[in-house]
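Read from first to last, the chains carry the letters A, B and C; within each, the first residue is number 1.
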């Protein structure tokens, strides 16, 4: 594996603008932020990974099987998901899954996932990305396997090597957050690993098992209250538990962007009918819209930042969902209406002191039409960074182009990586920083901002924005 | 304030393409139009400003308080609107408002408003934009104040210095247009200041005071007719009054893009129920769609150009509307459907001799999908220039890219500045001219048009298009 | 006509990137595919044109009158369609139609049609594009007329000169395909001319004459069955007839993207009510959605590739439709919902072995939001190349930018020209190849793919993708 040729993933000019003058400015800007610590205020890494600090199992189980960004494209090329050990299936050995990945690797060219993976291979594992192919799959499997067996590839060692300062996880409201507490109490671990309150499964009355989950929630945390009042109280109490364990934000994957001011008796009636299993799909939407409003109300009161990413049709392919569970690559975006949807929430809380609300989107059409105009007026609303299918270089440039002329840079949430792929975190943040540099460099060369201001702005975007918006 | 360093706002290459070859072509193209007179066929400057020719009150009252493009971003950064003297409020002195603006100035980097303001500071007022900050706010306030006290900063002097040839205002149908007549009759004033017929408040049956306004309208101009017939007659008569005073166009801020062929009795019934205060929101939409159709019918008959900019949810934040009135920064776009919406109008009038119809949009998604295809077939329909949140360099380039390949250049309305900020007019038109040059230069370097044709096209876009489309 | 100056249409760098480094890479990539044979898996050329191999009638009848891409823009500039001999009208002589075109030629600058036409004039007919204007219209008419009279401009000679290997036509299900058979049997003709099964007129129950057409269909091919069962059987049989004559795909211009799993009795009921003339517009939509599902079911069984291009409001201007028929320039796109619409089809057939489904769109907003995510999961779904108003250089670059980061290159359909303008085929394919080279070159210079992989990818996109996706 030695004597590898220099990879594009190690090229210092990757993602820099094509034009030499812009590239030169972009290099200077990137140099200001390339070494700053990583602040990751939203993602899906498990706190227990860091708390236990056990070695990663094997290359396929670490890098392929749990990452639906990756398995989806291999699936599209014709490989069944059980050959990728998705959703806990074990039809084949990890080495076989790795072979499937290597054989499909060429289909990742030009994709965001391919960019991150290549960077991981080269910059994290130090292997030759030219040998990721069917012919050398055993060789690369063994090479990564050897790295994973060493102490420097243990989760905490990587956490330090990645220069992560803050890492937010995503957690069930009833999680006791023991792993987070253990990490915070551990004097040998310097990072901040913060829980995020993610109550989707308790707010979607049509999700399987909702009534049972809610019963447990109210029993555990309802202070003896029952019904809708107990439900709200329990959610407030669990938010407080999260805050006590370091949480700074809540996260909501609502179906639509709708928010709704509902009077107490109507809310109670919807809640009760849902508990009796009588809620229609429309009722479920109404109740979720009501709860988005309630989450904002609670956030104004307890100070948690509220993030929201609506507009995804989850589990598009029912057969795959039945066989492999959720988060298996077929959550597909739909159009969103933020202007009407968020109105109730913003009318009542959009100017509330200290309230921070961050909507994300996978519907690019709302960047210039809705999100930038809203963020350009409401002090509470910050423009969520490009998320999911859009957290890629071209999409991030389209985002900046669409948002900046209306909302400027100060209304940005800062980058979020939203990843469950721990080893991809540095590549994702670096790609974002390079893209910000590329965008700002163009504005400098077009004489729209001064180079000095561009330098201040990129540091603010990379470092200060996430601290400010997420109250870190 | 002397010895200021050269500002990016004075850089001759601002907004020029990054690539040197394209930049060189763009410079040549811009040189052809940079000095042409300004033709502004749609905007919100008050004719009385020029008729009275009184000095502008002070920097804050001139540049900040009335411009919701500007106040919105300061508000988003946390400054209440009364500190910006919005909507006639006087909670603080103008100098204090100026301080708030200066402290928030850095948030305007990269925005359209920031680009215009910087250009005004440097190119109109000759002050150092490097001193627009909290520390120097009194200094810059005083500097601008000193300019405003001089004769060369009186409205008419600026009008001449700006090289404005035509300036259209936006006026209430019952306006007697005395200021316009006075200007036209004044031999010392060379410009053309034309009224625009803007009947929104008379067409939206759910706008506050509609019934009373309509009663006055019919009384004043209905030729003794009553009901719906009197209403239509009165509108026709007031259009004639506007034409007699130089108007060339009508302007319509309809809620949706819907147009509707309604038979007389249905129209009458809707009208009557609205006068009785019984109209629902849906009725109001129907009636407005009917009136858009009627406005087109009248335009075919009297020759006024019809412009339309639907798809805005006005006064999104009710509390702000209640405290500060309309046009205070929270009119937010929504998605529009032009293809179905405009069908009735275009079926009946889209090929009518001499009819000019100009739809604008803040929903970029219709550029390539709907507006360019419609303008590429219907002789009456001209593609409205990027409007409002989209009248900024990147958005204008996206517009040209999305529209040109289907509709070419000949179907363009020409630039409109739509501004109430008088001092921003030169910067807006110059930004548009530079952006047209940048777009055309790229096509030249890509060998898609010849440089000679690009030269003809840019002159046509800047000078001939607005004259032709707006019948000037 | 001699001594013409070099035209931009002959410039070897046309459509190449502006930046010199990217341009250099793009040239190298284009050189790899510039000479490859043309594979055209979807278009509207008539097989009889090649079978009869008669000379083209005259320049206007060949290049202008039948091409609604071209006539639409001339119409928009104010020329009635009968002066363009549209829809079989003969109000003027062809030479007069040519004059109208030449007078409007300047309005084609920057458009896709203008690009193709210029290329045809220069690269196919060898005439000076600088003389396409009102003054020289007779001269250019005569020059092209002279070419058309020569043997080298007969259809088969052009077919060979264009280096076309495969050309798919679009055909009525009841077409006997005699022209295709004759061509296949002719040893002097080397190309493959394949029929495409296009049953729109048999699936849209609200299209004029539907019931009569369906009666004929069932009589001719229903194997004696009647009703809905006979109808399905007849369609299956005609698909088999098409396959026997070389067809590889079916094509569907459905109104929406909706697909629907309907049980037999509901389908039968809809079918019967439509035959009685009792179907509403909503019924027609339901039935079409049902038939899209059935077409997919049949495709899984018989192996025909299924292409679909929904989201067009056909015949927007009723008066023009009445006078000149369909395909006369006023089919206007509307927004589409693929995520929900295609769900039934994809749930049941999206992972079916060997099924190939290619959705096209004129709604750019679905590229990143819906189509790329769907193609990035479902093995059956390939991303249709930019179609119709979007098959132009800038739109193709936006397409690649929007799709690639999620779906990569391997999920692409390959280019389709969709044209009825035979002489435009080389220019269209060449424009696509240049644009692919430009896009890939940027990724190379941004160090996102290696130059070696870019070389492999462009050959795959141009040559292997259409063969693979369309099973050629």
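Simple rule for what comes next: a contact is a pair of C-beta atoms (placed from the backbone, for glycine too) under 8 Å apart; a residue touches a chain by one contact, two chains touch by 3 or more.
Chain-to-protein mapping (UniProt): A, B, C = Uronate isomerase.
Because the structure is predicted, anything quoted here is derived from the model rather than measured.
A rotation of 120 degrees, rounded to a multiple of 5, brings the CA atoms of subunit B (Uronate isomerase) into register with those of subunit C (Uronate isomerase). Counting the residue numbers used at the interface between subunit A (Uronate isomerase) and subunit B (Uronate isomerase), under half appear in both copies, so the two copies meet with largely different residues.
Distance from the subunit A (Uronate isomerase) centre to the subunit B (Uronate isomerase) centre is 39 Å, each centre being the mean of its Cα atoms. Shown for subunit B (Uronate isomerase) are the residues in touch with two or more other chains, namely 19, 335, 365. Residue ranges on subunit C (Uronate isomerase) touching subunit A (Uronate isomerase), taken from their complex, read 17, 19, 21-22, 335, 337, 339-340, 343, 346-347, 350-351, 365, 368-370, 372-379, 381, 401-402, 404-411, 442-443, 445-450, 453, 456-457. Per the touch definition, subunit B (Uronate isomerase) reaches subunit A (Uronate isomerase) in the complex via residues 8-9, 11, 13-16, 18-20, 72-73, 75-78, 106-112, 114-115, 313, 316-319, 329-330, 332-335, 362-365, 389-390, 392-395, 398.
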